[in-house]
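In the two complexes below, chain A is the common chain; its partner is chain B in one and chain C in the other.
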Partner chain A sequence: MFFYTLSIAIPRKKIEWYQIILQMYYIGAQTISIIVLSALFVGSVLAIQGNYILGMFAATDQLGQFVALSVLRELGPVISGLLFIGRAGSTITSEVGIMKLTDQINALRSMDVNIKRYLLYPRFIGTFISLPLLTMLFNAFAIIGAFLISYYSLGLDKGMFLISINRYVSFWDDVLAGLFKTLFFGLITGTIALYYGINSINSSTGVALASTKTVVYSSIAILLCDYILTSMLMRLW
Partner chain B sequence: MLREKNSELSVGLFVLLSFFALLFVTVQTTSLNFKNNSGSYRLNASFSDINGLSVKAPVRIAGVKIGEISQINLNHETYQADVSLIIYDSNIKIPKDSVMSILTEGVVGSKFVSIEPGFDAEMLTNDGTIGKTKPSLAIEQVINEAIAIFATKE
Partner chain C sequence: MDDTLIQADKLNIYHGEQCIFRDIDITIQANKTTAFMGPSGVGKSSLLQVLCGQKTPKSGKIKVSENIKDQKLKTGILFQNNALLLHLTVFENVALPIRYHYNLPEEIIEEIVNMKLHAVNLGHAGHLYPDQLSGGMSRRAAIARSIALDPDIIFYDEPFSGQDPINAESIAKLIKKMNTYLDATSVIITHEVHLTLQLADYIYIFDKQSIAYHGKPEKVLSNKNSFVRSFLSPNLQSQGEK
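This part shows the complex of A and B:
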């Protein structure tokens, strides 16, 4: 329902481009560091575990494929979505909540500023654009992390790692299908974060409660949505 | 003002960096084989057994990938597998008496089609058919034959 009111608030005449860029800076650009760092570690761990599992079948040559498929299809979209909720979703909720608490929203309203256009819409668009971009970064850095670990620490052949990615990973079915899912995750996170922010109770506990709710509910929603989208993409339904 | 410039700059860098990341993944997953469909042509062949050959499997001459399998159908009259393949480059001409065989990468790897060029002066054109094919050797068949040979030796 809130998503609907938000989408009809999409301004027809004037778009606050500068606000969108500013929000992309706060939401997206400042999240790069944790995304990159966790992607490197996720990739390294996958390489180590994959080396163990594939080693049972003497198939460590296929490690690149193993890592790339797990990251591109599932882990990239989901983990960057969850990190994004923790980093950006809670920030949006508490920011909007505190603006409401300290009457900044009423002040803007009294100056005849359109709240939806000036406050909510830029944040929503910022989330929607930033999450797929962050996922692209996550994907690349997870594969780089796995590559570095498999070459320097596990001593696997670097050529075979890249060849197995090249041969068995498809651009449309794996890379783009993963990024397609993040579009929905961005919508979900943005909607939930703004909803709880603007509807938070006017007290410090209310804002704290609202950001907790954002994190909990959007995490659950993302995981549920991931299950639904994956079964649709795999044509199980 | 400086703050505003900084945020704009980092958003720009953020977007650029992300697309470089996507480019990196794309280059790794696709073999950068931007095949131009204008220069490609199609060939047909039928096999008595394709044994796990799948669509998009590579077609190779002397180990070099020159095309891929585009379609596999069962012929209802001959009960043979009709395979059509795309050769990426029309400059690669294949003699009419070439032999096509299905080989396996490694011992348990995936299947691919190999073309051994013949010596005919006439070349295959678009939608041409390669007459001579060798079916895939299933590992079970090889083992059965080996057992038969050992049995007669004793």
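This part shows the complex of A and C:
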């Protein structure tokens, strides 16, 4: 019901549309650094572990494919989603909760500002648009991190790394399938974050509790959604 | 009802299952200052929420003057904690309702906002954020925002609370100025008896879900009601009366 209310609160005024751009900056652009940093480390660790495991089968020339498929299909969407929840989801809940606590939302109502269109929808659509874009960034930097480690640290042939990606990674089945999941992850994060923010108890403890619930329930919801979508996609493709 | 802006009859206001006011009648005269007074927790803020349309009474009728277009009052509200939007500057806080409701060029908006800020002696502070303001400045910024759209009626929820005597006095003068220059009507919720007696044209004193006194300020001092006298007595003594 809350999700439906949010999704139909499409802005009508210029100032409301402008809020969407602002929120994409706050939610999306300001999460870039943590996404990029995490991606580099995740890719590097994946390369190290992958090299060890594939080494058992004398298949280290498949490391590029191993890293790319793991990141694009699963690790990219899920880890980006979890990082996004921690950074953006909790921020949205806290911000809206504090606005409620300090009467800022009542002040907006007193000025006849539509709360759903001005405050909630921009954040909702901001999460929906930002997460797939951030996931693309995560995927790219994770593969870059793995590539750098495999060449400079593990001494593997860089040509083989890239060839195995090119040969075995499909844009439609692998890249798009992963990004498809992030559309749902973004909707889940936005809905849960805003729900707990606008319904938080009017106290500092209430806001903190709401923020915690956002992180916990969004994380579980994303993992559940990932399981469902992965099962569906693997049967279809 | 010629001079009456709002007429509320037989209002029953509840907070959940708890009755706050039972069958009260309130009249707000146009272009006058009406004060609501009473002990903390009696329900003055709830009454204010009902009168400005933020809360629905359990029963009762609220009628707006026929002189108001579509009987839809333009209201401005000063919240007890100011409720300035913390991520916006003072200028942007005042500009927000104008930008939201009107499609005006930015130069015109800047002129209007600067005019409002000068009216409250904050012409120099438009670039500051709420956390950079003193208590008095915050209060004045919130007043500037409440008058941004030239409202028909302005509700002030405890405008003098947390202010030193000099600031409180200047806010009282500001409220009087708003009434005069904007042709607005003011409703003030306050405990500050001394300033209210100077400022208000009509006073309601509430106690135990009903109205203990209503009338002009000059008559409240001679009122024989024991509750009214005990409510006012700390201030009566400070003015040298017994």
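As a convention for this text, the second predicted complex is superposed on the first by the 230 of 237 C-alpha atoms of A that agree within 3 Å, B and C clash if a C-alpha of one lies under 4 Å from a C-alpha of the other, contacts with A are read in each partner's own complex, and residues count from 1 in each chain.
FYI, a residue touches a chain if its C-beta (ideal position, glycine included) is under 8 Å from a C-beta of that chain, and two chains touch if they have at least 3 such contacts.
The shown structure was predicted, so the numbers you read here are calculated from the model rather than taken from an experiment.
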Determine, for the superposed arrangement built on chain A, whether chain B and chain C clash or fit.
fit
Could you give the angle made at the Cα centre of chain A by the lines to the Cα centres of chain B and chain C, to the nearest 10°?
150
Just chain B (first), just chain C (second), both, or neither: which does A:Ile32 touch?
first
Quick one: is A:Asp112 in contact with chain B, with chain C, with both, or with neither? Answer first, second, both or neither.
second
First (chain B), second (chain C), both or neither: which does A:Ile15 touch?
second
Quick one: classify A:Leu133 as touching chain B (first), chain C (second), both or neither.
first
Considering only touches as defined above, state whether A:Ala68 meets chain B (first), chain C (second), both or neither.
first
Which of the two partners, first being chain B and second being chain C, lies in contact with A:Thr102: first, second, both, or neither?
second
In the overlaid three-chain picture, which partner chain does A:Asp174 touch, first (chain B) or second (chain C), both, or neither?
first
Partner contacting more residues of chain A (chain B vs chain C):
B
With the two complexes overlaid on chain A, what is the closest approach of chain B to chain C, counting only CA atoms, in Å?
10
Chain C partner, complex, touching residues on chain A are 13-15, 99, 102-104, 106-113, 118
So in the complex, the part of chain B that touches chain A is made up of which residues?
4, 7-8, 10-11, 13-15, 17-22, 24-26, 28-31
Name, in rising order, each residue of chain A that touches chain B in their complex.
21-22, 24-25, 28-29, 32, 68, 72, 130, 133-134, 136-137, 139-141, 143, 162, 165-166, 169-171, 174-175, 179
Contacts from chain C onto chain A in the complex sit at residues 52, 54, 75-77, 79-81, 83-86, 96-97, 99-101, 103, 145, 148-149
